[in-house]
Amino acid sequence: MDFEHSARARDYIDRVSRFVRERIVPSEEVYASQLVGSQDYRKWRIPPVIEELKAEAKAAGLWNLFLPDPELGAGLDNRDYAPLAELMGHSPLAPEVFNCNAPDTGNAEVLHQFGSEAQKERWLKPLLDGEIRSGFAMTEPDVASSDATNMEATCKLVGDEVVVDGRKWWTSGAGDPRCGFLIFMGVTSADAGRHERHSMVLVPLDAPGVKIERMVPVFGNLDEPHGHAEISFDNVRLPADHIIGGPGRGFEIAQGRLGPGRIHHCMRAIGMAEVAFERMCRRATSRIAFGKPLANLGGNRAVIAESRMAIDAARLVTLNAAYLLDVHGLAGALSAVSQIKIIAPRMLQQVTDAAIQIHGGQGVADETLARLMATARVLRIADGPDEVHQGVVARIELAAYK
Amino acid sequence: MDFEHSARARDYIDRVSRFVRERIVPSEEVYASQLVGSQDYRKWRIPPVIEELKAEAKAAGLWNLFLPDPELGAGLDNRDYAPLAELMGHSPLAPEVFNCNAPDTGNAEVLHQFGSEAQKERWLKPLLDGEIRSGFAMTEPDVASSDATNMEATCKLVGDEVVVDGRKWWTSGAGDPRCGFLIFMGVTSADAGRHERHSMVLVPLDAPGVKIERMVPVFGNLDEPHGHAEISFDNVRLPADHIIGGPGRGFEIAQGRLGPGRIHHCMRAIGMAEVAFERMCRRATSRIAFGKPLANLGGNRAVIAESRMAIDAARLVTLNAAYLLDVHGLAGALSAVSQIKIIAPRMLQQVTDAAIQIHGGQGVADETLARLMATARVLRIADGPDEVHQGVVARIELAAYK
Amino acid sequence: MDFEHSARARDYIDRVSRFVRERIVPSEEVYASQLVGSQDYRKWRIPPVIEELKAEAKAAGLWNLFLPDPELGAGLDNRDYAPLAELMGHSPLAPEVFNCNAPDTGNAEVLHQFGSEAQKERWLKPLLDGEIRSGFAMTEPDVASSDATNMEATCKLVGDEVVVDGRKWWTSGAGDPRCGFLIFMGVTSADAGRHERHSMVLVPLDAPGVKIERMVPVFGNLDEPHGHAEISFDNVRLPADHIIGGPGRGFEIAQGRLGPGRIHHCMRAIGMAEVAFERMCRRATSRIAFGKPLANLGGNRAVIAESRMAIDAARLVTLNAAYLLDVHGLAGALSAVSQIKIIAPRMLQQVTDAAIQIHGGQGVADETLARLMATARVLRIADGPDEVHQGVVARIELAAYK
Amino acid sequence: MDFEHSARARDYIDRVSRFVRERIVPSEEVYASQLVGSQDYRKWRIPPVIEELKAEAKAAGLWNLFLPDPELGAGLDNRDYAPLAELMGHSPLAPEVFNCNAPDTGNAEVLHQFGSEAQKERWLKPLLDGEIRSGFAMTEPDVASSDATNMEATCKLVGDEVVVDGRKWWTSGAGDPRCGFLIFMGVTSADAGRHERHSMVLVPLDAPGVKIERMVPVFGNLDEPHGHAEISFDNVRLPADHIIGGPGRGFEIAQGRLGPGRIHHCMRAIGMAEVAFERMCRRATSRIAFGKPLANLGGNRAVIAESRMAIDAARLVTLNAAYLLDVHGLAGALSAVSQIKIIAPRMLQQVTDAAIQIHGGQGVADETLARLMATARVLRIADGPDEVHQGVVARIELAAYK
């Protein structure tokens, strides 16, 4: 039993940590000043500073850190990448700067694992080079996506074409001017087995019949210049070779995405919680009321202690899930991955709420805390709401008592 | 012991309820379409529909319902007004339509109770007529306002003038194009007793030296066309008769504002919670997953039950506080008022969070739920954070054990 | 709307309060010294002081206060009796002293409402005179009693006899040497409608075939000299006139018991919470650590405030349920009664837990706090676990959304 | 990073696990039948089965597993011993059977680390041989022990004697007929530095002036045959060589005890939680209500999932604390040790409470669940209440913000 990071991970931790602190965080203001806010996503532009930082990170060898393939990426396993994902939670710009932001990471993994050589050449290469971005079109507005069998969108084979129809939302990143393609998941043959009826299809964003209906607001925010799109697909006809891994493998591919993706999300959430926690401590030690720093008033120290405890526990359970995924695969990590998916976002919500409270009026005005609160709240729903994951954990436990 | 509303209250409940349901809620979309969003508050305009609705409400006798004076207002006590405030929580437009929105209500009460005849004529009359709006400048950005002795802004007497200096924020309503004046609270004589050093001054928004520095965002939202202003006061010289009730009475006046104001806030929060609750129930009964309506899945019924229980308990404790305020005055209601100030916003946050969760992705995209969540979060801080009110409640209890 | 007790209630409150404080609480030590603890319930004896106190209370007119019948009892409605039940929560001896303890109260109400004249003469009279005690045999060890249709015990009509068979537990009071009879609930005709198949039967404790199998411990405590019995009924043959109200009315009678009984339980729980709360405050103000009374350390004041808030809210919701029961009957109070059944025990558990914590080592050694903790924990299960009541509350809410 | 136990630990885990399951748990009933319950501790006797099991465990090499010294004990570090402590939480008999129960373990460590050769020969040897038991007399009834400077008992040097005076309680194990000695902590020189004024003294239980005043009940239970004694020390004169490590080292010695002791407690608590959890799952899958196993009703699966999550998280944080203690020493593990001291007992209380609830009436009658609930509640106070540990955690965090 050894709770230290490997030498390799420690080296990356040092470098990523320094890059985030010295290069990315100080650029946040520039980024904000370059950002053109607009209700109309067609007017969104990428702040130039982000491309500069990307070039810098790439040059520094801090690029595609998420990809376990040592030739195309950093070759890190989940355990070693996890602390880097946490560090990327320290700035909203960081994941993209290191070419490690969702859903591109998941899309890249899917293409890397299941894509044909032609697909890799056309889509994966520019994605890993940071030239294009991508979206993932799975969730549907009209049905409860927590139940995958509800999915209504289709991608049927007609001759040598695949025909994509339906409506998706929460396709994050589809508003990005650089977004090149979507991975679309839909039903290919409704009468196949429950886990064999779906396929994943590569859909260029400019294919005829693809229409961005609107950008979905998150607590009133459009998250420009990336956005979360609601998209309609109307008789979108593509060559059948746009299907990834062949028809009927959608469910299998989706499953493979989930483990690492959830670990990334959770570790970033832990990094975000550290940001909120640091602000809470700064405020608690610098703000005076009733003649004392807030830290010495009432139960504030208990609040700080509970926040630290929640963060540290969330980190340990997430690292353990990463370890299990690396060593025992998704099957062996299934309960652990569902557990962290509940624990980390809830922790982020708790710590951010506490940080807001200790800031008083400044807490609800602060943009960072507002962003963290919204992120926490979204994460308790995205990739399966808490309730679905509780169901998974309970099912695994109760299997022993049949 | 009788938990029914009075006949008079029941009559108003019927009329307000119908007006909200039939006239105001259906106008929300019109309002939204008429609203000009802008980062620059100078461009804000009042949607015409609001003035039409105000005229209608006035004509229907549903006007200034908050004012206990039977000649100038409806003459209702806190008990009878409370359920009307709850109903106004059903639409964000309602408080203004009935000329019952904060901080105008508190400002009107202050002028009504402590203002000179001249002050009433100049400021109270147009306020009660709905012609102008007003702001309340008390909280300061640089000090913890939970401790009133921290206040740094001043309003010193110099000759026959009062000179106002300092910086305030969270002056809600100051961005409204119709805002005519602020009630400013500051220190007049720093060496007077702790509760005799402050004064309240009527400050026209266009007085030389008054400058709106910015509108403070609430979770990223500027709440146009009202706004929460950060305002600097630089050597603002006004005739001394702009002081309300005379110098040194600021603290006393502020205290009087608090009881009713908190009851209004809490009752509106209860109305808002009913809105979230209704949405939760609608979603739970209409959305299907795993072959069942959400209401029949897992612990969702427990969530619904706990929400109902929290709402009903919050209502009862708030009505009891209103009763105590009416019958025993602020001194007799002190603990109860602090209790509801903790209970109602926390309940709104709980119920809204639950409603969001049951909505899944729609929950974080929904504008109403986003607004309710932000309101709940703000209310746990505004008018004294939870911690200050816990301190009040504990102090009153422990006084018996000396 | 009027939150004050009636003049009549206030008079009783004064008298009961004084009697509890001056006569009962000071007798607790005597009672303890007279109590013969034994694992064998046959050796239990009633401490003489209890009969002396009963005589005194009877003489003072503080007797059968629970019974709404003005001739046989005090004639108080639920609203007026509620605060007296709260006061009885201040001492574990009080309910019996005033002849107001469960399950005798419920049994008396059943006999009073549904009993024949002969039944009243034989069972009700001595019960109301305080000469005998009684038990209620409903819950069964082998099936989940939260689902009444699970009930397996039977009371079949055979000729002019009713034959009682089955096993019951949690028959509280059956270990009391004065226990004269049980009200047994069982299935009379399994093929009748779901709510017409049960009957209630008066079973003398010494009827052949009735056997007390054991006294069930509550967190290790037998609660002598009353006890919670597990009882087997083996071919117990009784004249058919021992059925209350006639065959098939068991469910209907059981329903009627529930409303008032739950209000009594909840109000007593509130009284118990006041006992824990008072101890917490005493300890917080008298115990010194790190140079300060505990009340001035960390979050202790917040704990005290939250306890007060929870108690006061629980009282208001319970009084409201009592009011609804009085004015609108059980149907109109159904949700409210289920709500308080969740809220009050949970609150008692919270407040007692907090009181224990603030007492440190003394907290887990203290007999009163141990008793309150056990009572709270039992109440979250007895008379329907929280989960069943959440189900009732949710069902009533969701009925509007069909 | 490696979350697997070492090969050595895995071997012990197998053997201890089997011994607990096959030998100890099946002996619990025999133990209970041999136990003589009595209010008078002088009548307590050790059930013979315990000595038989001890001999068996010793012969199997499962003895003194806690002691890091490879010659006298198993030579395991905290990481490797931790999972064994968890397994010992599966039966209340297990810690003693393996000669690993508190406070003997802490006392043995103190003697092993700080004792003279003579002290080791006289006290440590029979303790490690399982021939005698011991007590630890630190907490005092009249002062808040959470603040060590409150300690009032004294052990003054007079000539070549140490004179022990004062009153202690919560001296667990002092009621055991085999208890041979106590380690007493008191003030030697009140004017020495805050951390140099205390000493630890070896006090034979039969020394003149030592008097057991009573056994302190824990939620009404005396925990025979070990007991938690309140003891008075009246002019107890002992040779000065009964001081451990020399005068003034009491605080230093006490500190050293804390790290491992808390890890043992927390790991046992986790084992206990697994017992409660298993019962909960068994009940949930076997008990039927409303036509379904309880596991399929309402939020029960969420409860089960949350219990599993809380247990697993508590285990990981405790193992991490053990790791830190092994690798970085107490200083490096200080925050982590305080964190687990809060997290593990709270988790045990949560899981046990949930298990009780799902058992319904059986839950409050069950002896095992009652014992676990009491243990959880005690652990939130013993060895420093939650509030003190929150203070430690917060202090360490805030040190960075000065």
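Every chain is named by a letter (A, B, C and D) in the order it is written, and numbering of its residues begins at 1.
Note that a contact is a pair of C-beta atoms (placed from the backbone, for glycine too) under 8 Å apart; a residue touches a chain by one contact, two chains touch by 3 or more.
In this text the structure is predicted, and so the values were computed from the model without any measurement.
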item	value
Of B-D and B-C, whichever chain pair has more C-beta contact pairs	B-C
Reference subunit B; chain at largest CA-centroid distance	D
Gap in Å, rounded to a whole number, between the CA centres of subunit C and subunit B	43
Separation of subunit A from subunit B, taking each centre as the mean of its C-alpha atoms, in whole Å	38
Inter-centroid spacing, subunit D versus subunit B (mean Cα positions, whole Å)	53
Set of subunit C residues in contact with two or more other chains	298-299, 301-302, 387, 390-391
Interface residues, subunit C side, partner subunit B - complex	1-6, 9, 79, 281-282, 284-286, 295, 301-302, 304-306, 308-309, 312-313, 316-317, 319-320, 323-324, 335-336, 339, 342-343, 387, 389-395, 397-398, 400-402
Parts of subunit A lying in touch with subunit B, wherever the complex brings them together	37, 39, 139, 141, 143-147, 150, 169-170, 216-221, 287-290, 294, 297-300, 353, 356-357, 360-365, 367, 370, 373-374, 377-378, 380-382, 385-387, 390-391
List of subunit C residues in touch with subunit A within their complex	298-299, 301-302
